[in-house]
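Okay, so chain A shows up in both of these, paired with chain B first and chain C after.
Here is the complex of A and B:
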């Protein structure tokens, strides 16, 4: 019964990944022979493997700049998404007003807007002649920075795209905490902030980890938002990866960059798995 | 009501509360003496939880005031009130050990570690759970979780303890045991307590006084014996304990019910002769095979262990009687009432017995 899915994964994911890894290590034969025919600046291993492609890519200051930009945009987006989804989730959880319900409804709207459209919207909103700048100008803030085509626009875009999922996740996590647990804390003398810290926070570690890791993985692999709203260089790895692949015709270097991004994403994945295992362990020892 | 000048442990003073456009608690007046255990008893939806939540500070009364030891606490937030609540589902924090759960409020008060440890140990000893100090809530049984919740409430030494159907998640046997534990602990600590339940058995067995609620109002507030013997209203009579009800008239020494059946009734005194509601407890129905009682046919006999319940046809009406298991029953029985309560327009008429009345 498990064989068909395993076979599908092996053929459609395992095999290409294996071939790509081999290619980055200089194996240009077999399944990689076609791409090897047209690729430029290829590093070929005569015997065994070579790390020359990795050395070249990591030795490239531009790529290192992209990598650094990718890391800080990812971390900043994670932080912003976690904070925002906690704030909105908490607000909706703790206040049952129509404003709260409206806020929670509005916060998931980005989910239904295609990323391309959203990116262009963000671009025009923050562009040199955009809405925000115009507004700032009118209130007398002439030095207001132009965010369009900067990494800040990328961060705003990534946050915009990821907040709905974060809010959905945090709301459902927070809503699963019974009212009585919150009231019991208040009854014991805890103020609202103390209640959040002692009850809601520790009971929502897993949703928080999910939001953080999924957001991180999304940003690491994103293309549309940084491509449309970001600067030419440095930009996120997703963008420069595609440049190496398409514009420079250097698929081996592009695949090396993909491997690097994969390692970063795997790091986040490990955190996610670890948190889940810890939760499962706690659940099994307490029931 | 209070003879002394010391303020009540808890005074719910003409409190009203509307929720979603409906009056849930309606001009409620209730005084709980210091150290007393009062049960709020009533059918589902009568406003018991709402009342309790107003005392705990989770709801604001629309009108009236709540006083604890004579001090108005109506405007205080829950964390500022000298009350502690035991929630229906215990509401223990699943990510904290028993020790952490119980010590939470003390830790918030930044007491020295040594003192926290001592007080937690003391209160866990009181509820008999010292051996579970480091267990997590999910690792202990429902009854134990219940006692942890009680310990968590007691450790803060509140002036008023509030319990909202604390036993409803326990099985029948455990429920009886834990309610006795709660009563025992409550008396030992001497804490003013409000206990919400819709189980009359529970209320009758642990309360100093019981407030029977209906539709957001207190129908009767009395000690268990009075409540059972002299239910002030038709509602209380039918809600607390089993009761045979008949429409009929009262004569001297007898009552006359539908179908012209005349049943001898001790202490009955003629009063006007207008039709009234007559209530008779099943244990006050006397059956015998001979004598001057009204004739009845046994329809069913239900063994109840230490007693028997007889369902009999009495004229056009049915009568239920509790008799000893040794009473031999033939198909025909003679029925007398040892005692009856009479209601005119739903309110107790103090006419059927010479016993002291309120």
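Here is the complex of A and C:
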């Protein structure tokens, strides 16, 4: 029963990843021979392996600039998505009005809009002649910054794309907290902030970690939002990688960059696994 | 009642496709007896699709009964990377790649890496009508079939006397901050051409020739001066941004946000004809040096099938009749010498063809150039 899925994973994921790692280390034979035939500026290891491709990519100040931009955009997006989805989730959990239901429904809408369309819309909305700037001009704020083609537009786009998933996770997590616990806290005289801190927050750690890590992994590898709304340089690693792969015909360098992003994403994945294991341990202790 | 509806629905879902595919196979089997099918892959914008799908292919099929041309189109070259890998792997393994003729930017890569079949005068007689200089950068292993060049588009409402030379243009950009931009060279040929033209103006003719015809990485230090000049323009271009793609520049021009930009001749002529660009947008060419132009190439992978039929198709594409379609349908330049075309065409292109198809860097030099631009200019 286990074998077919394992085989599928090995063939469709394990093998290409293995071949890509070998290629970044200068092995251009076997499954890498076709790409090596076409590629430019590659580092080939005659014996053993070579880290020359890694040295070249990490030694490139512009790639480091892209990497730094990727890290801060990712962290900022994670923070914004967690705060926004917590706020919306909490509002919906604690207030059962039509406004609350409308807000939660609206916040999920971006899930059903293709990212390309959304990116173009965000670009025109915040562009030099876009709605926001025009509005600011009419109310007398003439020096309102143009956000289109800046990293701020990228952050706005990434938040826009990731908030629906965050809201879904947070509201389901908060909904699973029994009403009795909240009422018990309120009955013993706890204020609303105290109830949130002592009851809702600890009960909702895992969904928060899931939202943070999945958002982070998504932003690290994103392409469409930064490509369409971001500046010419520096930009996120996803854009830079595709330039190296397609426009500059340097697939080896592109794969090295993919490895760097993979390591960052794996770091976030580790946090997720650690949080899950901790929760499982706690659950087995209390029961 | 409900069960009955479900049963009927299942029956319909199962039998209709089955009956359809059965009908299709018998039809297909009859077809293969009398017909030869060749497969062409093309990438580009809708003007390229229209040229093949509605013009060249139907006319060729009408004139050559028994030959069926299957057309595979990839908008904006989205599948070029996979197609390149697919053809590369198939030729190395000596299999048919599923594609017999390619019209895409990847053709030059195929040609230089020895994956293309050279086409000679013996196999397609019309190739002798093509300017032989266009064959040098691809080692004779790809067939130039149409040309287009980059021109300067300007908004005549604001720009009364457009710049005539590159030096004038650079001076204009500095005198009118924020009213010029070009798309980043790795996202489209028009911005690429502007960047290369500026850099070319600092390079000796002998070095330039080597860069156009081969891969000489040790000459890349020649680019530094030009790249610095381009970097100096960043503070004068629109918002300090180089938009992604040829179309993005056209859009800024159409909105009146920028007043001058380098654009593809065929793309902008089509946009003017369809009204996407208003009548206030005019086109001109600069000199000393002029913008680069380029040929679009066709490639025959070494392991293509039905080569004899294929060459007949290639020969047709290079005939004056098909070349006329390129001029009419997409405002392109003919690839064959204009002396073989009608007198109307000869007049139309007399002034421009001499200096507009200025050759561009070879593919590999171009890739390195895009990489260096990305790292120095924005």
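Operating definition for what follows: the second predicted complex is superposed on the first by the 287 of 287 C-alpha atoms of A that agree within 3 Å, B and C clash if a C-alpha of one lies under 4 Å from a C-alpha of the other, contacts with A are read in each partner's own complex, and residues count from 1 in each chain.
Rule of thumb we're sticking to: contacts are C-beta pairs under 8 Å (C-beta built on N, C-alpha and C of every residue); 3 or more make two chains touch, one makes a residue touch a chain.
Being a predicted model, the structure only gives us computed values, none of them experimental.
If you put the two complexes together on chain A, you find that chain B and chain C both fit without a clash.
With both complexes placed on chain A, chain A has more residues touched by C than by the other of chain B and chain C.
In the superposed pair of complexes, A:10 makes contact with neither chain B nor chain C. Contact with neither chain B nor chain C is seen for A:116 once the two complexes are overlaid on the shared chain.
Contact with chain C, but none with chain B, is seen for A:149 once the two complexes are overlaid on the shared chain. Judged by the touch definition given at the top, the superposed model places A:246 against chain C, while chain B stays out of reach. Of the two partner chains, chain C is the only one that A:62 touches; chain B does not reach it. Figure legend note: chain B and chain C, brought together by superposition on chain A, show a least Cα distance of 37 Å.
Chain B makes touch with chain A in their complex at residues 56, 58, 77-79, 83-85, 87-89, 91-95, 104-105, 108-109, 136-139, 152-153, 156. Chain C meets chain A in the complex at residues 80-81, 84-85, 88-89, 92, 109, 113, 184, 186-187, 239-244, 255, 257, 364, 367-368, 370-371, 374-375, 378. Those residues of chain A whose C-beta lies close enough to touch chain C in the complex are 33-35, 37-38, 40-41, 60, 62, 128-129, 146, 148-149, 227-228, 231-233, 243-250.
Only residues 178, 180-181, 183-191, 194, 198-199, 202-203, 285-287 of chain A touch chain B when the two sit together in their complex.
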